[in-house]
Structure formats: structure tokens, C-alpha cells
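Residue numbering begins at 1 within each chain, and the chains themselves are lettered A, B, C, D and E in the order written.
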Amino acid sequence: MNAIIFSAVWGVVMMFSGAFSKNKSLVRYLAIIGSALLLLVNIADLTSQGSPFFQIDTKNMLVFKVFGLLINCVAFGSTLIYFLLSSKDIEEVGPNSGDYFALIFFVLCGVSITTSYNNLLMLFIGIEILSIPLYILTGSSKRNLKSNEAALKYFLMGAFSTGIMLLGIAFLYGASKTGSFFIDEIGIGKAPASPLFVVGLLLMIVSLSFKVSAAPFHFWTPDVYDGSPTVFTSFMATVVKGAAFVAFIRLFADSFVDAQPQWELIIAIIIAATLFIGNITAVFQQSVKRMLAYSSIAQVGFMLFAILGVGAKTNTAQEGIVLYIAAYSLATIGIFAILIKLKDHSFDGFNGLAKQQPLLAATNTVFLLSLAGIPLTAGFFAKYYMLSTALQTGKFFWLVIFAVLCAAVSVYYYFRVIQAMYFKEGEPQQIEVSTGFKSLLVIVAFAIVVLGVFPQLLINLLSSILYF
Amino acid sequence: MIPVLLIAIPLLSGLVGFFIKNGDNAKKWSLFISLATLAVSVYGLTLDKASAALHFEAEWIPSLGSKFSVALDGMSQILSLLTAISFPIIFIATYNKEYKTPGKFYALMLLSQAGLIGVFVSVDALLFYFFWELALIPVYFLSSIWGGEKRIQATFKFFIYTFVGSLLMLVGIIYLYAHTADHSFSLQSFYKLKSAISGKDQSWLFWLFFIAFAIKMPIFPFHTWQPDTYEQSPTAVTMVLSGVMVKMGLFGLIRWLAPVIPGGTWLWGDTASALCIIGMIYASLSAIQQDDLKRLVAYSSIAHIGLMCLAVFATTETGLQGVMIQMFNHGINIIALWIVVELIERQLGTRKISELGGLAQKAPSLAILLVIVSLANVALPLTNAFVGEFLMFSGIYTSTATTYNVVFTVTAGISIILSAVYMLNMIQKVFFGNTNALTENAKDIKWNEKAILAVIVIMIVVVGVFPQPALELTKTTVHAILEKMNYK
Amino acid sequence: MSTTQILFWSLSILAIFSAIMVVASKNPVHSVLWLIAVFFAISGHYILLNAQFLAIVNLIVYAGAIMVLFLFVIMLMNLNGDTEPQKNKWLKIAGVIAGGALLMVFVAALKNADLKNQIAQVNGGNIGLISNLGMELFHEYVIPFEISSVLFLSAMVGAVVIGKKE
Amino acid sequence: MPINYYIFLSVALFCIGVAGVLTRRNAIIVFMCVELMLNAVNLLLVAFSKMHHLALAAVNANAGMNAQIFVFFIMVVAAAEVSVGLAIIVMMYRNTHSVDVNFLNRLKH
Amino acid sequence: MSKLVYLVPLFPFIGFLLNGLLRKKLSKSLISIIGCGTVLASFVVSLLIFFEVKDPSFQTVVINLFDFINVGSLKIPFSFQVDQLSILFLLIITGVGFLIHLYSTSYMHDEENQHFARYFAYLNLFVFSMLILILGSNYVIMFVGWEGVGLCSYLLIGYWFKNIEYGNAAKKAFIMNRIGDLGFLIAVFWMISKFGSVNFAEVFSKAPTTSVGVLTGITLLLFVGATGKSAQIPLYTWLPDAMAGPTPVSALIHAATMVTAGIYMIARSNIMYTLAPTTQTVVAIVGLATAIFAASIALKQNDIKKVLAYSTVSQLGYMFLGLGVGAYTGAVFHVMTHAFFKALLFLGAGSVIHAMHEQDIRKMGGLKKFMPITHITFLLACLAIAGIPPFSGFFSKDEILAAAYEKNPIYYVVGVFTALMTAFYMFRLYATTFLGKFRGTSDQEHHLHESPSAITIPLVILAVLAVTAGFLGIPEVFAKDSHWLQHFLSPIFEASTKIQEVHPANAGMELTLMAISVGVAIIGVIYAWSKFSKDPDLQDASGFGKVLANKWYVDELYDAIILKPLNAFGKFLNNVVEKNVIDWMVNGIGRAVQYSSRQIRLLQSGQVGGYVLLMVIGIVILFLVEIFIKK
């Protein structure tokens, strides 16, 4: 609860700071402080175990379990790093930097709701709070037609998917025995599923797939990621996606786990389609930004394995998804931070970067390797967990093989960037980066490597908290 | 502690190496480090097999049941010795070559050495997988940065190829892990699995692993990355690739596939063997056609590796012993061949056989050393390769694991003849005959090159005449593996 | 056929017809008007279901506020004529077919539902009355109610960010 | 009324909305069709609410009320969405003098 | 003394190392001393051992040097075996080898210093390998020497490496040998799997209890090895080409020693052959066929060394005939006599070549007066090979022919016909070279002279041996128990003779046969003498002669049916299969990914309507899956 309240309040603070202070860096520092505080209060929530600062009877609408709070930590931590790396670039999007920060904090509020909802109503509101500021952020570069286009597309399709989600919720409600929206009551247990339930389930899958951009409901992603100001793409592709994913997995783990036979094939098909489309389409992209959009789709394909694994006795699915989101977010934020600094967002823009900015190139390489799931990076363990989860179900072996083949394809496009940086000669670009920026990148890269070599550090943390 | 040192010395000093700007210092540093590693490795040989210093285990990822667990048994010792010997040889042989950003070059070389040794000593599947990739990535960068004209495509093909393989292997490893009784990645737990896995599962598990290893070795038809990569990589890297790295595939086959999934191995042994044999003949015939020295050696390597793989599937003691010793021999011999190729290319700027000729007049020492190395390559008696090939063939012939043992021996034997054809062709066209405009001004090799080749030649002959110590070294390993392979 | 049934059917037909007209009208203004008709029909259904509060809110919020906003925007943009360029005919047909297919699969999925004895109570029950709903809303649903404020805040900020002249 | 009727009515309205989204190019109309979909859902929810109320009233006098509250929230959210949506549409109109959803077509492939 | 047998190969090996490593530092005389001295030392040691072995009470001695390969139950020691057979070969090799070394010091004197050293190093290495082959007490050590001599043969044929043709000849020799070696190796593997051992003692003791089928297989495979090394059909073509090497090399390797390795090996394994009659028949027929075939080719050759080469092939065929009919002693006997007279012939030819710098006999003639010693020794050798009594060839050849008659009279008839041809072509060679008028250039005539003593001394010694060696095996017909060699070798062939008693023909029959063969040989000699001594036919051969002159076009045949198709197949693999199939498929996956990438991204049409449409279709499909496919 701390996080929800704090983020909403801080959003208002940012709103006013933007309105009253002409000093842009003040706003920026406020935002950074805010995100740091947000992380702190969330950790306080996490460690205090049920005795948050604010004693509010949520009427069971929100339940703060460690899993959700952990994801919050990941999200807020990512946001902090994101602010540290890219907050200057946020300012440059438009004149209303305070508002942008405010919107981001509102999004974070939505994030904390989607990670702890216990009622479909809260899921709905959480997702909306998550989405509506994003429509704005997508369109925040007002003179930029691409940004306009992205915002419009995002908005229309988002609204459409909201409709689908609501229909799904309605059917689930209709199917529930007690007429309830609480997620522990809408499940049908092991009972045979009624058609109403099945329809509701499918519609929920569709709409949540849309939110996490799983194929074939991913179409908005490339365009929106591409059209948005790059700095917001970074945020959307990481924090928001992670939150949406958590909403997805929580719903399935808490409500539908017993009905797994009803949906596992559907999820498997979605995974296959997502992996296929995400990876294959990324191959031909000329713009790194757009490639990353497709790659984020591909990554979702892997994350979805966690959903398949919710039925397994062990908690690898949850453990894995935290690790995955952390690894993925760190790497993606890092890459975007570097990408923003480049004028040219095509692959050629990276040519010869290793000569000019060896440090940027090296850290970028670590990020890319992590995304590709190469061992010694956190990304490897992320993927490892997902594969492991899927294999533990004992089914869908074909899907696992397919996934690793797709992972091999992913190497193709990630390594194109590495090739450009290291093996090709390029025009020297004027890239100005501060030492702070560099050192932060190094820290992030180092964290990825450390997690890749000693995942136990994080796993210990996870397991000590998750299985209290 | 020895295995840890073997990994840690090159790993840490490799990381240090990134910061050495001066090329000469980098060279000296890496040469020193590689010699230190060699010393440790040799020291390990002198220890008793049961010695505690040869084993090390530490917690790594307890929640996954994975430990940092490394050990040196006979096979690991012989292969880590090969790795430890190869690197100083490579560094000395290419000492006169200048690289751009040498610090990084040598640092990456040392990293790949660490990865290779790690592969050979780890007895934990996850750790094994880690080192498997750690060995690959530096090599990818080495080849792509310092390689030939078409390096980017060629090495990328190589990378993707091997990456696909290793991912498939990863799936297999996870699957096995999920079925272990104690949820552990340790080799011992894997060994206990065989009855827990149904025949059907063993069947496809076999292919998951085998494809990974087959790509690395490489086995027909997964070999097409190899000639291109060898051709495009800087020769020092090619030496690593062909001398040591291909052994990773064989090693994996012997340690992680055959004894762990004996049912699958038994079921598909004949099919895999057939692939090996096709590959041997195929590669030998292709080698005859090559005009580029590097490609010729590359194809010859495919043929030789095919034989080793074939011998593994024979499941006989002689065969497996042959493979053990031959892994070492092949590494030494092929590195020597590469050194010769490198010397020729550096001096004359070409690797085209058709452009060379008459070098024996200008570089008699080189010619003599090359002839000896080539003879080892065609497994002439009293060279090291003869021992290996003799044992392997004998093992294949006496194999009871297959009913086609005679057919296998005879068809594989044809490659012995063909190997003589292409090696002699090469010797003749490059060294004999009259000089031409290009080779007119060739000079004989420098003392360090001569010395290093001489060292190799001495190793070739010594192992060829006194193979018994090496065979003793791997004896217990071979017994243990055979016992697990013949599970019935 | 009881009065309820007659009402139900006529309201349903009105709703569907108006809905089709929303989609089919060339003139955006007509679409808006037809949509308002749909809302009225739906409000009628609400009343039939004795959900009086929602019926009124539907009319006030939707038909009253939101639709006026739409109309306002349309007028502002001067789109009241038939300004929509001809969309690709095939795409249109595909759209209709896809919509129909969606309906078909819904029906297919639901047709086996054993809902014979599941009756929606009409003309009775007082859960839809404002007093009861109010109690519930500010009792059980106070959290979402409060949190909706964040939604509105962000929508407001958003509208400002988007709408503000630079 | 049997709940089936309401289900099919709502689904039909929903699908008409979907068809509208698919066939129209005017962004505002598209958006209106989305609103139509939402209303179909609202109707369904209310119907279900009354269904559950009838079935469970004996146990819980307030059974089914939650769905009506839900509908209320949907309206609230829809209102917020409309404000943002229309703002975006207006912004686009200001830049391109068009509300055709296909007019802006730079982001593709 | 026999314990010191390891010294025998050790000396030449030391010589090899010294000459090889110090080739730039040593003077020619020092090189000669090292080269010859080491072989002489070996000869002396062999001789000492011989006197020990000669003792009737001598038992076979096996000296274990060290464990070569010891894997599981397979134990292969590096060990030497001293017995009658091996010591006989030791003497021949070191003895003839020493003479040829001596000869070489003069013959090769014009070479550059380091190449001179290289030559002697190779020659010493050859002697070393040959000694290993002979001494090895198991098939693997034998194989070590077996391949070693092949290697030396390769090195020496290609000694003048600037000449590509020579290089090709060397390569051909090595590869042909390798083909045979594969057969040998497989036989060894078969032995390992059947007997669990490759030691002679164990193999031979287990052989009688083994099925005939297995023995037939093993012996046939061993024989394949022998056809490669001893130049029998179908692997004989390398030997004539091997004449590219220096002539002393031809004498040593390609006439006297290495090519007889096959004979040695079969003689060594006699028990297995005796137990496998099918193989024996095959050996006999192949030997006979080779004998007559090679002889027919020799009729029309004009290169002095080529004639001798084909004659060698033909004589080797004789030896195999002997082995095939169970006359092991005869075969070994012929090896010995052949070593003497064929080495002599080659050295004589070398002497001629040394003087003439020419190898075509059509450009020689009348050398008798210029080179008397060469002439006389050459004539003696010709008489010996032609089988004129009492020269050595007569005895050994006759022993084989007699045994062949016992086995099958047809063998005898063909053998005698071959003898006729042998006599004819040898005297054609002799007459064309030494008789008549000199046909060379005046410049050549001017320089003609008898060779120096380093060349003539070996000639004379060998001539003495060629003339007298036959008396080591005087047939029973002439004197009871006079066949010393048979007596000496009897322990080796004891087991075989027990099984396959060679029935001595009755004395009258045997004398008749001898008379026939001698008569035929004399006819051949006289006919050749009369035809070529005055006015030899110098025209290029035509008609059938042309076929013979072109060696029955066998090389061309091999080229057409083996080499060309193999090469074409290799090209096909390399250019078509590799590029257009495998690589195409691998790259095809990449291309398919790229292609589908290009196609699939078109789904991303950029139009919201399209996206929603696809989403709806997706929903519909998922529903259909859920409704119809699941369950």
C-alpha cells in the first residue's frame, strides 16, 4: 500500500513542481529522489510484512503478497536506474517535464496496483491507470507525426482491448458460483468448466496478451515503441511490460491454476506464435529501436513459459519471472539509454562505436548478450528458469525446442548490433556522455554479469522472501 | 585445487590483459601465464589420481542443485594438458605476428583458454554449460575482429551454429536435471539417471546432445561452418579452434552423452556412426579438391574427428583408449600443421596451393618438419597418431555394440588411404618441384618457429613410441565410462 | 407474451438496430445520435432489470456528457458531413465478416451453456437502488473509488499535456 | 428473463461494436464503437448481477450488487478514457487536419 | 649374442640421426663413413647372431624391449624375434644393404653436401625400418617396419624433389602401398578380435584351432598387404614408376629387400596360409599371373631400369607362386638369390647410367669394351636370372617350378613360359646394351669409362654371390641332404610341412622338368642373343608390341576407372554437394528466416484497422482451437 499511495502523491508533487518551478533540474532531481523513496517505502513494505506505514482496510481488494512487492521492487529499481540514466532525455521531449514525471509516477501507481490486485475490478483499474498515462507519454512529442500516430494507434487498440477484457470479466463473473470478482473466487477449481467460464478465460487471455504484447495481439507494439519518444519506449518496454506480465501471471496462478487443461494449449499456441513472430520479424529490421520492439515481443514469448509453469508444484515460475523481468529490464534500459545518445537509430548508427566509446560498446555488449541469454549474464538464468519451468510440466516439449531455436534466431539480430559496434568501421558521431552516465552503465552491466555468475545472490533473496 | 588454478590463472590474467596497452607486454604476459598454466597442469599429472588436490567443490547455486565442482580425472588431465600445451605453443609460434590492439587479443585468448579448461574439468552440468559458452564467445570475438575478409559472416555462421547446438544441449541438461533424484546437476546424479528415463526419452535426448556435440566436432552434415571459419580466423585462433575446441565435442560425447544416456547411445549408435563415416569419406574427398591450405587442413580435421567419434560409439576399451590418446595427438598435430600454414602465409602472403611450389629448396627445415607432421597426420607408425588410430580401428573392428563393425572399419579405413593422398599432394605441390616467382625469395623459418615445431615433432615421436604412460593415465576413466555405457 | 417480454424484445431490437446504424451511418453526427439511441435502449434494459441508478447514470454520463463531448469534437472539426474517404471495400467486407465470425464463435462457445434455469431477475430486487449501491460503494468499494482519482488525475494531466499549446 | 437472452444480446452488440472498429476509418467513430462495446459489457454485467442476485439473495442480500458497482466504475473509466482519447484525436487533427485512422501510416513493417 | 639383436636396427638408426641432423655440418667422407659403417656394423652383429642361430639346438628368442601398447587384454610389446628366418633376412638386408651403401658413396658423389647426407640418412632409415619389419615379433611391430619402409621408399623415390614427375611416382608408391596396408591392418584387427593377440607365437599356436573361413579371410587380407608391398597384381604399377629414384635405391629397395617384405610376411605366417588352401590358390594364381604379365611387359621396354623393374615384378610373382604352392623354402631361397642377382643387375645398370647419363638402351650398345667389369658381372647376373645352371637362379627357380608342378602342371607350364620370356628379355637387354656398336653421341663416347672401385667392388662381390648362392640349396635329386637352406629353415616351416607334405616328385620326373626349363631358358637366351647382338630392332613397337610397350595400358585403365571417377566425385562433393546441398540448406535456413521475416513484417501494415482485424482473427482462431481441437 505504501507504494500506491506514495507514487500517487509523488505524482501530484511532480505535477506541481513542474507547474511552479522553472528549474528543470530541480524537477529531475525530485523525480529521482521520488523513485528512490518509492523503492525504499516499497522495501519497507516488503520487509515489514503486513505492517505498512498506512493502515488501510482494503476490503480485500488489494492483497500485498511478497511476490507482488518484489516485482514492485524490480519495477521501482528499474525506474530509478532509468531516471538516473535517462531523466535528462525526458526533459528534452517537451516543455512539460514535470508532467511527464508525474505521469510516470501515476504509471508506477498502476504498476503497484496490478502487482497486488485481488479483485478483477482492481485489475481493470490498475491496468487503466497503467495505460492512460502511457497513451499520453506516447503522444508527448506533439509535433512529431510518428508520435501522434503511435499515440492514436495505442489508444484505439488499447481501448479495444479494454473492451475485450471487460467482456471477459463479465463472463467470468457470470460463471462464478458466488457472483464475485475476487480472484480467489472466480476460479472453478477442478470442476468442469462452463462455457461462460471458458469464454471469459479466453477473453482474459486475449486482453492480457494484448497488454504484454503477445502474438497475435502484439501489433501495436512495434509501431508504438517505434513512434514514441525513445526515452518513453524504454520505460514502456520494461517497467510497464513487466507489470502487465505480473497481472497476467497472478491471475493464472491464483484463479485459473486448476483449470490448466482449459488454457494450456492456448497459451502454448500464443507462446509459439509470439516467439516466432517476435524473433523472425526482428531479423529484418533496419532500425535498432524497432528491432528492440520486436525483441521485446520475443522476450515475452519466453516469459509466458512462466504461465505454463504455474501449475507446477515448485515455485520456479514465480522465482524465474522475477529474475527474468529484472534481467530483461536492466538490459533493455541500458540499451535504450545508449540508443538515445546516438543520433542514428539504425544498425549503421552503431558502426565503429567500440573505437569511439569503448565503454559504451562494452556495456552495450553485455546488455545484448544478456538479452540473447548467453551464459555469464543474468539473461541466461532468466531463460534457464523459463525453460526449466516448461520442462517441469512434462508437456510441450516441442515448444521448448521451438523456443530455443527461436533464441538462436534472436542471437542473429542482437549480434548484428555487436557486429556493428566491433567489427565495422563507422563515421565518428558526436556522442557526449557524462562520467556519471558511464559509471552507472558499468554498474548495471556489472550487476548483470554478477547475477549471471552468482544468481544465488538474487535467488537467496527471492526464496528467503517468497517462502517465508 | 589444481583444476581451479587451471581455470583461474588464465581467467583472471585474461581480465587483467584487457588493460595492457603495450603489445609486447601483452605478448610476454600471456606467454608467461600460459606457461604457468602448463606448469600447473604438468604438476597435476605427477599427483596421485586420488589426490585431493585434483578435486574441488564449492557451493554455487545451491537452490538449483548446482555446484562449482571441478575434478581432474584421466581424460580431463589429458585434455587440459593439451589445452595447456597448446597455448604456449600458439603464442610462441605466432610471436612474430603483430595484431592491432594486442592487449585485447591476448586477453581474449586467455579467456578462451580458461573456458576450455573449464569445460574439461567441470563435473557439474550447469558449470559445464557455462564454460562451454565461455570458451565460445572469446573465440567469436577473436575471429570476428582479427579475422580475414569475410570474417563477419563466417564467424557468425559458426557462432549461430554452435549456439543452436548448445541450446539444444541446454534443454537436454535441464530435462535430465529435472529427472534426477536429488535435483542436482552433478555428473554423478546424471549417471544414476539412466534407468529413470524411458527408452523413448533417451532416444530424443541423445539427439539433443549429439547435435550439440556434432556441431562442435564437427560431424557431417553439421560441418559447413568449419572450413569457412578456419579459413577466416586468424591462424592463432584457428589453432585453438581445431586443436582444442573440437575436442570439446568429443569430450562432451564421452563424458556427458554416452555414459549418461547409454540407452539412446546404444539405439542411435549405428546412425551416428554412419554419419561419422560418411563425413570421413566426404571430408577426405573434399580435402583432395582444396586449393587453400587452411581449407585442406580443415577438411582433414573433419575426417580425423569423424574417426574419433566413430570409435566412441564402438564402446570398446581399445577404441575409447584410442580416442583418448588421439584427442591429444590430433590437437598437437593439427596445431603444427597450422603453424606451417601460418609461416607460409606470413612469408608469402598466400595460402593457395597452386601458387606455391619448390619451398623445400628455400626452406628445408620447414619442409622436413612439415613432412614429419604430415606423416603423423596420416598416422604413420611410430608417430603419435598411429597409436591412436590403431587402437580406434581395432576398437571399431572388435566392437560388439554394432553389427556393422567390419563395414565401418573398412569404409573408415578408406579414409586412411585418402588422407595419404591429400597430405602427399599438398606436400608435393607446396614443397617439391621448382620454385616460382613467388617462392623464389622465400626464406627458411626463424629459430623460435623451428624450435616450437621441433618440440612438437619430439612430442609426436615420443608419444608414438612410448604411448603407454598416456594410456595408463586414461585407463580408469575409460573403464568407468565403459561400465556405464554397457549398462545391460 | 408479457409486458416485460415485449419491452425486452423491443428494446433489444432497438438497441441492435441503432447499434448497426452507428456503424453504418456515413455521417458522424448521425452515428453519435444513433449511439445515443443505443444508450437509451440499454438504459431501458437497466430499468427493466431494476437497475435504476445505472440507468440514470448511463443517460447522464454517457448519453449526456460523453456523447456531447463527442458531438462537440465532431462539430469542432467540422466533420459533420460525409467526410470519411471510401475505405477499401474488401477491407470493409473483411471487417464485417470478421465481426460476424466473432459472433459465430461466441455463439458456438456459449450455445451449449446449460443456463436454462439461470434467470436474470427483472422488475424486482433492490440492489440497483441508489441507496444500497451508495452504501456498497463507500463501504466495500472505497479503495477502488479512491484509486480512481489517480486515474482521473492522470487523465487530466494527460489532457493538459496533450492539449496545451507549446 | 432467461440469462441467455441477455448474453446473446450483449454479445451481438459487442460484435457490432467490433465490426464498427474494423470497418470505420474515422477515429472518432472507431472510438464510439469501442464505447458501444463497453456498453454491451455493461448490459451483460447488470444482467449477470440480477442473475446472481436471484440465485443468491437468500444467502446474501447484496449478492450481485458488485457487478453494478463494476459497471459504475466502467463508466468512470470510460469517461477518463474519452477525455484522453479525444485529446489525442484532436492533437492529431491539429497536426494533419484529418481524423482518418489510416492517414498516418508512417510506422509500419 | 642374440640378446643384442636390438643393436642391429639401432646402428642404422644412429646413422640416420647423425646424417639427418648434422647434414650441413658433416663432410662427404664422414657422411659416407657413418652411412656405410653403421650398416656394416649391423651386418657384423647379424653375422655373429647367425653363427649362434646356426646351431641346431637354437631356440627362437624373443626380446622384449618395452610395452608398446597395452590396453585391456590387448598387449603389444615392442619386441624382436630372432630365429632362422629373421636372421637370414637380416643377413641379406645388412649385407646387400652395405654393398649398396658402399656403391652409393661413389654413385651419388656429385650431389650437394646436404643432399648427400639426406640420401644416406634416408638409406639408413630404410635399413632401420626394414630391420624392424624383419625383427618384429608381432604383426604390429612388423607393420611399423612395413609402413616405415614404405615411407623411406617414398622419400627416396622422390629424392630429386625438384622433378614433379619423380614426386608423382613417389606419391603413387606410397598410396598404392597404403591400399595394401589397409588390408594388412584389417587382418591385424581380425586377429585381435579372434586371437586376442598379434604376437606370432600366440597367433600361430591358435591358428590350427580356428575355422578355415576366418583364416582364409585373415590370410587374404594379409596377402592384400603383400600385393601392395611386393608389387603384385593389381597393385604393382608403382614399382616400375619407382625407378625414378637413384639407381642404388632401386637396387636396394625395389629389388633386393623391401619388395620381398610380402614374401617374408607370408613365409612368417606360413602356418595360417597352409591352413587356408583357398588363399594359397589365390596367392599362387596372382603370383603366376603377375609373373607372366610383368614379363610380357618387360619384353618391349627400352628403359634399362624399367626392364629390370618389370623383371623384378615378374620374379616376385615367382616367389608368390612358390608360397602359394607351399614351397616356402623355395620362395625364401628365391628371395635370397634374387636379392643378389637383381641387386647386381641394378647396380650394373647404375654403373652404365653413371657412365652414359642415359637410360634408353636404344642409345647404348657396345659397352662391353668400355666397361669390362660391369659387363662381366651383368652377364653373370643375366645368366643367373635366366636360370641357367649352375648359377643361383637356376636352383631357386627350379625348386619353385618343381613344387608348382606337383600342385598343378598348368602352373608349371605357365612358369616355364615366363622363364622363357625372362631369358629372352634379359638377354635382349644385355645384348642391346653391351654388344653391337655404340649408338650414343660422340660426346658420350668420349666420356665412357669403367666406374670407380667403390662401384665395381660391390659388383664383383654380388656377382660372386649370384653365381654361388645357389649351392646353398642343391636339390635332393643331385645329392641327399644337400639342401642346406631347407634344413636351416625347417623349424620355421615345421608346422606347415606337417600338414602339407611336399611330395618330392620322383627323381626322373624332376630331372625332366629341370631339363625342360633349362632348355627353354637356353632357347630364350640364344634367340635374344641372335636377334639383338648385332643389329637390334630400334623401331618403336607397333601392333601388339605397342600394347606391351605401353604396359597393357594398365595405368591408363586405373586412371580411367579409379582416379578420374574419384576425382570427379570429389569435385562433385566439393562443388555441388557442399555448396549446393549442405551449405545451401544451412544457409537456406538463414535465408528462410530472412524471407519469412520480410514477409511476416508485411503483416505490420501500419493500419489500425488491419491490426484489429488480425487480432479478431486471432481471437476467432483461439476460440476455434478451444472449441474444436482441444480434448
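Criterion: a residue touches a chain if its C-beta (ideal position, glycine included) is under 8 Å from a C-beta of that chain, and two chains touch if they have at least 3 such contacts.
Every value quoted in this text rests on a predicted model; they were computed, and no experiment measured them.
Under the contact definition stated at the top, the chains bordering both subunit A and subunit E are B, C, D.
The busiest chain interface, judged by C-beta pairs in contact, is C-D. With centres computed from Cα atoms alone, the innermost chain of the structure is B.
Using CA-based centroids throughout, the chain positioned farthest away from subunit D is E.
When chain centres are set by their Cα atoms, the one at the greatest distance from subunit A is E.
With centres defined as mean CA coordinates, subunit C is found 71 Å away from subunit B. For the pair subunit A and subunit B, the distance between C-alpha centroids works out to 43 Å.
Centre to centre, using the average C-alpha position, subunit C and subunit E are separated by 102 Å.
In this assembly, the C-alpha centroid of subunit B lies 37 Å from the C-alpha centroid of subunit E. Residue positions of subunit D touching 2 or more other chains: 3, 7, 17-18, 21-23, 25, 30-31, 48-49, 51, 53, 55, 63-64, 66, 69, 73, 77, 80-81, 84, 88-89, 91, 101-102, 105-108.
Of all residues in subunit A, those touching 2 or more other chains are 121, 125, 128, 132, 135-136, 139, 142-143, 152-153, 156, 160, 164, 196, 198-199, 202, 222-223, 412, listed in ascending order. Counting partner chains per residue, subunit E has residues 601, 604, 606, 608-610, 612-613, 616-617, 619, 623, 626 touching two or more of them. Interface note: chains touch in the pairs A-B, A-C, A-D, A-E, B-E, C-D, C-E, D-E. Residues 593-594, 596-598, 600-601, 603-604, 606, 608, 610-612, 614-615, 617-619, 621-623, 625-626, 629-630 of subunit E touch subunit A in their complex. Residues of subunit A that touch subunit D in their complex: 120-121, 124-125, 128, 132, 135-136, 139, 142-143, 145-146, 148-153, 155-156, 159-160, 162-164, 166-167, 169-171, 173-174, 178-181, 196, 222-223, 226-227. Of all residues in subunit E, only 66-72, 74, 78, 114, 140, 143-148, 151, 154, 158, 161-164, 167-168, 170-171, 174-175, 178-179, 181-182, 185-186, 188-190, 192-193, 566-567, 569-571, 573-575, 577-578, 582-583, 585-586, 590 touch subunit B in the complex they form.
By the touch criterion stated above, subunit A contacts subunit E in their complex at residues 152-153, 156-157, 160, 164, 198-199, 202-203, 205-206, 210, 215-217, 219-220, 222-223, 261-262, 265-266, 269-270, 277, 280-285, 409, 412. Listed in rising order, the residues of subunit E touching subunit D in the complex are 601-602, 604-609, 612-613, 616.
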